[in-house]
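Notes for the one structure printed next.
Just so it is clear, A, B, C and D label the chains in written order, and each chain counts residues from 1 on its own.
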Amino acid sequence: MSDRTIKIAIQQEPFDTQAETDLLTRQSGNVGALVSFSGICRADDTLSALELEHYPGMAEAQIRKIADDACAKWPILGALVIHRVGKIPVGETIVLVAVTSAHRHAAFDGASFIMDFLKSRAPFWKKEHLAEGGRGDWIDAKESDEAALSRWDQAAHSSHRS
Amino acid sequence: MSDRTIKIAIQQEPFDTQAETDLLTRQSGNVGALVSFSGICRADDTLSALELEHYPGMAEAQIRKIADDACAKWPILGALVIHRVGKIPVGETIVLVAVTSAHRHAAFDGASFIMDFLKSRAPFWKKEHLAEGGRGDWIDAKESDEAALSRWDQAAHSSHRS
Amino acid sequence: MTKLLYFSWVRERIGVAGEERDIPSTVSTVEQFLNWLSQQGEQYENALADAASLRVALDQTHVTADAPLNGAREIAIFPPMSGG
Amino acid sequence: MTKLLYFSWVRERIGVAGEERDIPSTVSTVEQFLNWLSQQGEQYENALADAASLRVALDQTHVTADAPLNGAREIAIFPPMSGG
């Protein structure tokens, strides 16, 4: 575990994706593959922004546990999760997950696994801000997000994509 | 197909990953997810650089076909592939694949699919440059890369991860 | 005294983000705790009416309704998580 | 005249990146073409000895050994691809 780089951050401010993934890559040793995921606040007809609420302390701990679980499943060199909270306008990045590895499959699977568990196991909640002003509803958790977790139970997964 | 952004480039020069993925995102419409893969020239004890050779014309056409296949399998908004050729020093990026979508699973699957097929179906070949000077061997294709293609045959794949 | 934390619409309906409460010693599981808390006023009853859509963490660990409170110092109540 | 292209170690062993050749009309499949080409000199024999590790594209489309040449204007020979 000692030579793995793991960085978890929860913050209000926007961040520089390139600077963050460059730093992760430099700190990850002999990297052959970097996979990064950016979750972006999507427009719809009525939305102007999302308000992200989190449970301080538990959120960081849960994300770290998810990243550790990913590192136990695949030969990951480095993992980075930055999750913003507060008001995030349409078009801005809400979350960045980046994973480095020697080879591509561990990086793809690790990043995808972290995102799936972050969605349903890390304590964040989203509320809509409407374009015509005022707040909309809290966004319900999706059943498909909970269902997505089960595909990682398959024992075959980590072995046939080494 | 008309509102999808697909960019394919094969070039000697390094490129700016952030600028390229930002442009893709802006051109992709209502993006909720961006997944990008960077394939980096890995160090080992004796390697100083890789020399990438390609089949001009066929390489671009094959990558475009692979990207089109990905767009037919998942609801992808934009796809970008930049593959460098010529001499690439250790630590530099060889290939960038980026995919945008409304939701994360299409972006993850699309980028992973494109990389898997690019590895074994696009006409590129790699030769080692050794640290002590002189050229090493051509790098053989890996059986595991060919084997990785079969997992995309499963019809269930595109449906249960929409 | 136990620290109670509320998030998302649970917080909005109860009207506070957190508070300190003495929990009776007869309340020993998460389910019993939610029943007891829903009797502490109209806004609690309203916030906790739909137990199936509530999640509870004891000392920042997600637990199920049958979990014992086990002297937890911090109890958080919130809807299913929806981050990312 | 057919344009022949060689890549990677096939190119190095044959000694040229490409050339124009008249292919005899009796040569009608990819397999027959590789047999015929391997008889055009020692470097061809050497480059094409291990047929199992050769790949062929006709007019930039990857084909198998039993594919007909079908008047292809460009034939490329190379080892299995290893990009990315």
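To be clear about the criterion, a contact is a pair of C-beta atoms (placed from the backbone, for glycine too) under 8 Å apart; a residue touches a chain by one contact, two chains touch by 3 or more.
Everything quoted here is computed from the prediction, not taken from an experiment.
Each chain's centre was taken as the mean of its CA atoms, and the one lying most distant from chain A is D.
Inter-chain spacing, taken between the CA centroids of chain A and chain B, is 22 Å.
Our note on geometry: chain C versus chain D, Cα centroid distance of 72 Å, whole angstroms.
Our note on geometry: chain A versus chain D, Cα centroid distance of 48 Å, whole angstroms.
Centre-to-centre separation between chain B and chain D, using Cα means, comes to 27 Å. Multi-chain contact residues, meaning those touching two or more other chains, occur in chain C at positions 84. Looking at chain A, one finds that residues 39, 104, 115 touch two or more other chains.
Every pair of chains that touch is listed here: A-B, A-C, B-D.
Within the complex formed with chain B, the residues of chain A that make contact are 17-18, 25, 30-44, 102, 104-105, 107-108, 111-112, 115, 144, 148, 151, 160-162. Note for the complex: chain D touches chain B at residues 5, 7-9, 57, 60, 62, 76, 78-84. The touching residues of chain B, when paired with chain D in their complex, are 39, 52-55, 57-59, 61, 83, 94-95, 115, 118-127, 138-142, 145-146.
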